[in-house]
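Chains: A, B, C and D, in written order; residue numbering restarts at 1 for each.
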Amino acid sequence: MADTVLEVRDLSLEYRSRRGPVKALRNVSFDLYKGETLALIGESGCGKSTMGFALIRLTPGTAKITNGNVTFVDGPNRINLMEMSENEIRRFRWTDMAMMLQAALNAYNPLIRIQDHFIDTAKAHGLNNKSEIIARARRLLTGVQLDADRVLPAYPHELSGGMRQRVLLALGLLMQPKIIILDEPTTALDILTQRSIIELLRKLKDEFNFTMIFISHDLSLAAELADRVATMYAGQIVELTDVFSAFEKPRHPYTFGLTRAVPTLHGAVEKLESIPGSPPDLVFMPSGCKFHPRCPFATDKCKEVEPKLTAYGGHQVACHNWQQVLEESQKAR
Amino acid sequence: MATSAMLRKFFKNYYFRRTLKAVASIFVVTTLTFFLIRLMPGNPLDIYVNSQMQSLGVSREEAEAMASSIFQVDLKRPVLLQYTDYVTGLLHGDFGLSIVSARTPVSALILRFLPWTMFVVSVSLILSFTLGILIGTLMAYKRNTWVDYVFTTFSSIMTAIPDFMVATLIIVYFGVQWKVFSVTGVRGSLSPGMVAGFNAKFFIDAFYHAALPIITLVVCNVGNWMLQMRGSTMATLGEDYVMVAKARGLSEARITTGYVGRNAILPLFTTLALSIGGMFGGSVLIETVFTYNGIGMKLASSLGARDYPVMQAIFIIITTATVSANLFADFLYGWLDPRIRTEGR
Amino acid sequence: MALLELKHITKQFRQGKKVVTAVDDVNLAIQDKEIICLVGESGCGKTTTGKMAAGLLDQTSGQILFEGKDISKLSGPEFMAYRRSVQMVHQDPFSSLNPVRTIYQTISAPLLYHKFAKDERDARRRSIEILEMVDLTPAEEILDKFPHQLSGGQRQRVSVARALTVNPKFIVADEAVSMVDVSIRASLLNMLRRLNQELGVSFLFITHDLALAKYFAWEGRVGVMYTGRMVELSRSPSLIEKPLHPYTAALMSAIPEADPRLTRSKERIVLRSDDIPSLTKLPPGCHFHPRCPVWLEGKCDKVQPILTEMGPGHQVACHVAFDITGGGSKISAGTR
Amino acid sequence: MSYIRDLGSGLLGSLRIMSRNKVGFAGLIITMTILLVSLLAPQFIDLKMTADIEKIYQGPSAEHWLGTDYQGRDIFKQLLLGGTEVIYVAFLAGLLGTVIGVGLGSLAAVLGGWVDTIATAAAELVITIPQYPLLLVLAGFIRLNSPAGLAVIIAAVGWGGLMLTIRSQVLSLKERDYVQAARALGLPVWHLLLKEIIPNMMSYILTSLVMRMTNAIYGMVGLIFLGVVPIAQNNWGVMYSLANRQGAIFGVNSAWYILAPIFTIALFQFGLINMNRSLEELFNPRLRRGE
């Protein structure tokens, strides 16, 4: 197996709310392998974006990491992010692990020029030679197929959505991070723009050899880009496997349900199936398996015992009845 | 050809149009006051003429002649010409004569009283705006802690008490009951015998007399700025670019000033301009309470004495000051926000 | 006679001092019980077309005929009948319902105003029926809730229910499922299709997602729009299996699909440029020619192609497709 | 009967909702108490308070809770009697200003065209002129002799900001999907405006109403203080003004005479401002907690 670059163990996070703690992440554990592309998929409110933040210890609003460790493995060095000081983690962000938010459209300070975003970032990580920073920014912008002369002195509002997304990628590569987390990298973009960003991501990954986690509600993006897919539900990873197994041999009923809910363009017209019900309230969650109220495979055991994410070969799944799900998914094909 | 294109560009220019609008509103205000004084039934001019006829026993002709010299209108000329005379007068800084301080040009009165008020209003504005921004930012960062609650309570109490009553309270408690300062000593805008000059003694004395109105205006206005800045900062803190800046590993100091602070202050500039008018308004009553010799107190006294030319002139001056300040704040806003600055580029 | 016919519809907006043509000479006839999907990227004019079809926006030029009559010439009551017959369901479940009104208030207002219910009690009964029609149960409980108490999917169902109160013949659904979670999207689509089959409601379904269009309108037609113009309009199977316009083909090749083997083996059409032309500065001739991989110099950049019938029920506005008789061997991307 | 019961339970329900915000509910109680007392006081307290030279400027005592004024009259009684007029002017001016602002703003937004152009230009002019000096000058030019007239003038100088905000809110709200949907359903314009649009601006309108009321109190008391408004009747503003003129500031016991109206006005305004929070709960279902 490939080298691990990130080890996540029992990561838990809660938001404070008037109704009680919102358990957005519950004991999430997984390994990220060097050079791979991992997709985190799931519906809104399943905790996938929160996970992105939690991995660089950036907790939005009232959130608090309550448990767990995130270990960054750099050759012989193992660094536990949870033990870093504020200043250490600040420097760690973007130099080793860059997290790019969903809204690339709104990722820039509207009052300063694009070049100042590059300069600010570089300065925060100890680079002070302005002309060197600009030269590097130029190279990166050219690399994402932008006209640096036009983009650098521009204000954010003067750029189109696709351009802003590209600039964000260039900015993300400024410190040459080992890991890049992308939250919904193509969501607000048009299809053709989305396509060119996908191709660009492929090209950059070849060029810079980073490891990538991307978060998306769009299964087709996962099918297109990911090496492995992690399905999240109610703050947990419920299935983690390579991309082909995830789509072709799903063992979790939720993953199975998602694959049946999305139409394809090329291929036969099949009747789509919805997953009944809606995601659970993260304050008052159901007993046992959190998916059981929506699950056609649920048994009494599911109502009582929450299944743990268990590996069967390279395929990890958290379901008591995964064999039945697998069988059913093979039948449906 | 090139010149006409440039001219066209100039006329379409945001700043040019904004200035034009400001000039237009000053013009409309002066015009309205003219017609209010001259043409309304029971207007000040008629009242003045009647009162002169009664009290002095002069004929209507004579009374109207007196009125002409005071109001700077030639009643024998058609109204429209009177109006153009009036506007020409204004453009030359000629506001007519005071009724009460007979034969004193109103412009002289204004020149005497205006600087004191300008001094108080501008110092209070800068102080309360700066303080409000600092405290408001602090409140947003410490939201839902005791710091936040204390300042929120403070500002909600301060908005409940009218500013001139705060002035009264200051006199009652600090001046009379606790004797922190001498109530009679701070009256006026300078101590008796003080000569204006460019020296420390003069400035200290001026500040000493202006201190109470300034304190009152600051105390009454800072709460508003605090709350606005608190709200604006909280909204900005929720913006994606702040989160991205954190993810980029920028230092807390850089984020607070360059990202949060700058963006949060911007919307306050739009209300900054409007608050100047409010401060002038407040100064009328506050100056009266403190008997501070500014233009506000002059307006109050001319109101009581029905000294119409003075009232009218002061009103026009205050309006002009407010409109100009508005204009300035708008320009400042445009200069600070590239989204407006680069419009039409 | 078509239920609703858009004839040479054009819509221009003022953007500052510039005039922007959002919809440029679009023709579309919607038949009784028909499903038509309008597909395109943002700014292509599909939503504007939908709003004009729903009577919520006046066209700058062109005619809209409802059951053969020009709607600008309808009498008061006739216009009201048209207005009720054509309804719209919006995209955003969070802004499609009035946050301060309960579901009952929202549903009952048109029932009572148009006398579909004689009193409050009757309105309540009828509201429950309609909510059940869109699979919202328990309807009794939902009636007294506020929108913020419902999930996104439920809100979209209420939006559909609200449209159904006036017995429409035609519903414009503008990205009606795109902001709803994937897992419940299918049931919404299935519900809409059932309304089409059982109540005979026609649909103009606007979406940016060709796969959704294919699923929803397989028995109907699909229209593809680009920078305000209709570039291809056809029966769905024909368009999906053999797109004739290079833009349609490019879109289809660009879309990632929820099947790793399929999506990774797709042939990609590489465009000559990624820049989407601004509506204020449209290129001459075919608007797509600066990006088109198969453009003909001297023709595509000079002459604006007209939507022409190329096969049975398959119209396309492209010089190249016209030249290559039989269509898209050169331009359509292979599926495998 | 059942109608009355419904109304009763509706009121109770509203009270329950409003009591969720504690500060707001306190404000509501303060405001309501002052309102009730001011309305009822004239029924029970003798209006004619004769001067008593023996009792000038006495401090608080069992007989005179807040002491006496420069003529030996009871200050507390004056407070009880002095609220009606202030509240009346505040309410009338607030309501008028709000009606003008909301009405003109909605009209301009809905009708558009020249109505919009003129109304917007007028509103922009009104907001650039400093309000209070304008009020003073108007009050100086126009002879005022009734509280209603005063309220009208106060309302007339201060509707600009509200109008512009309402206009832009209506412009934005009328493009909202739910308003468009209601339009497509063939619902009439009054329904769109009154049922779909205005309820969504209620909390803003209420805040503005309260602001307008406090501004009116400021304006009224200030005008009385400057002697521009010849109002003979006893009210809090007159008390404050008389106390100033009689030099009540300078004594220890006499200070009660000036402090009493100040704190009463402050309390009333404090109540009004905070009451608003409770009312917001009532009009914004999203704020209701525990749901």
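To be clear about the criterion, contacts are C-beta pairs under 8 Å (C-beta built on N, C-alpha and C of every residue); 3 or more make two chains touch, one makes a residue touch a chain.
Not measured: the values here are computed from a predicted model.
Enquirer: By the touch criterion stated at the start, how many steps lie between chain B and chain C on the shortest route?
Expert: Counted as steps through touching chains, the separation is 2.
Enquirer: Can you name the chains that touch chain A as well as chain D?
Expert: A chain counts here if it touches both chain A and chain D, which gives B, C.
Enquirer: Is the C-beta contact count larger for C-D or for A-C?
Expert: If we tally the C-beta pairs in contact for C-D and A-C, the bigger total goes to A-C.
Enquirer: Return the distance between the CA-based centres of chain C and chain D, expressed in whole Å.
Expert: Centre-to-centre distance between chain C and chain D: 50 Å.
Enquirer: Centroid of chain A to centroid of chain C, CA atoms only: how many Å?
Expert: Once rounded, the distance between the two centres reads 32 Å.
Enquirer: Taking each chain's centre as the mean position of its Cα atoms, how many Å separate chain A from chain B?
Expert: 54
Enquirer: On a C-alpha centroid basis, what's the spacing between chain B and chain D, in Å?
Expert: 24
Enquirer: Two or more other chains touching the same residue: where does that happen in chain D?
Expert: none
Enquirer: On chain B, where are the residues touching two or more other chains?
Expert: Counting only residues that touch two or more other chains, chain B contributes none.
Enquirer: Note which residues of chain C are touching chain A in the complex, please.
Expert: Residues 41-42, 151, 153, 181-190, 208, 210-212, 214-215, 218, 240, 250-252, 254-264, 266, 268, 271, 274, 276, 335-336.
Enquirer: Which residues of chain B touch chain A once you look at their complex with the stated criterion?
Expert: 238-241, 243-251, 254, 258-259, 262-263, 266, 336-339, 342
Enquirer: Note which residues of chain D are touching chain B in the complex, please.
Expert: Counting only chain D, the residues touching chain B are 124-125, 127-137, 139-143, 161, 214, 217-218, 221-222, 225-228, 240, 244, 249-252, 255, 258-259, 262, 265-267, 269-270, 273-274.
Enquirer: Any idea which chain A residues touch chain C in the complex?
Expert: 43-44, 145, 160, 162, 190-196, 198-199, 217-221, 223-225, 243-244, 247-248, 257-267, 269, 271-276, 278-279
Enquirer: Show me the residue ranges of chain A that touch chain B in the complex, using the header's touch definition.
Expert: 56, 58, 60-61, 90-95, 98-103, 106-112, 120-121, 124-125, 155, 157-158, 171
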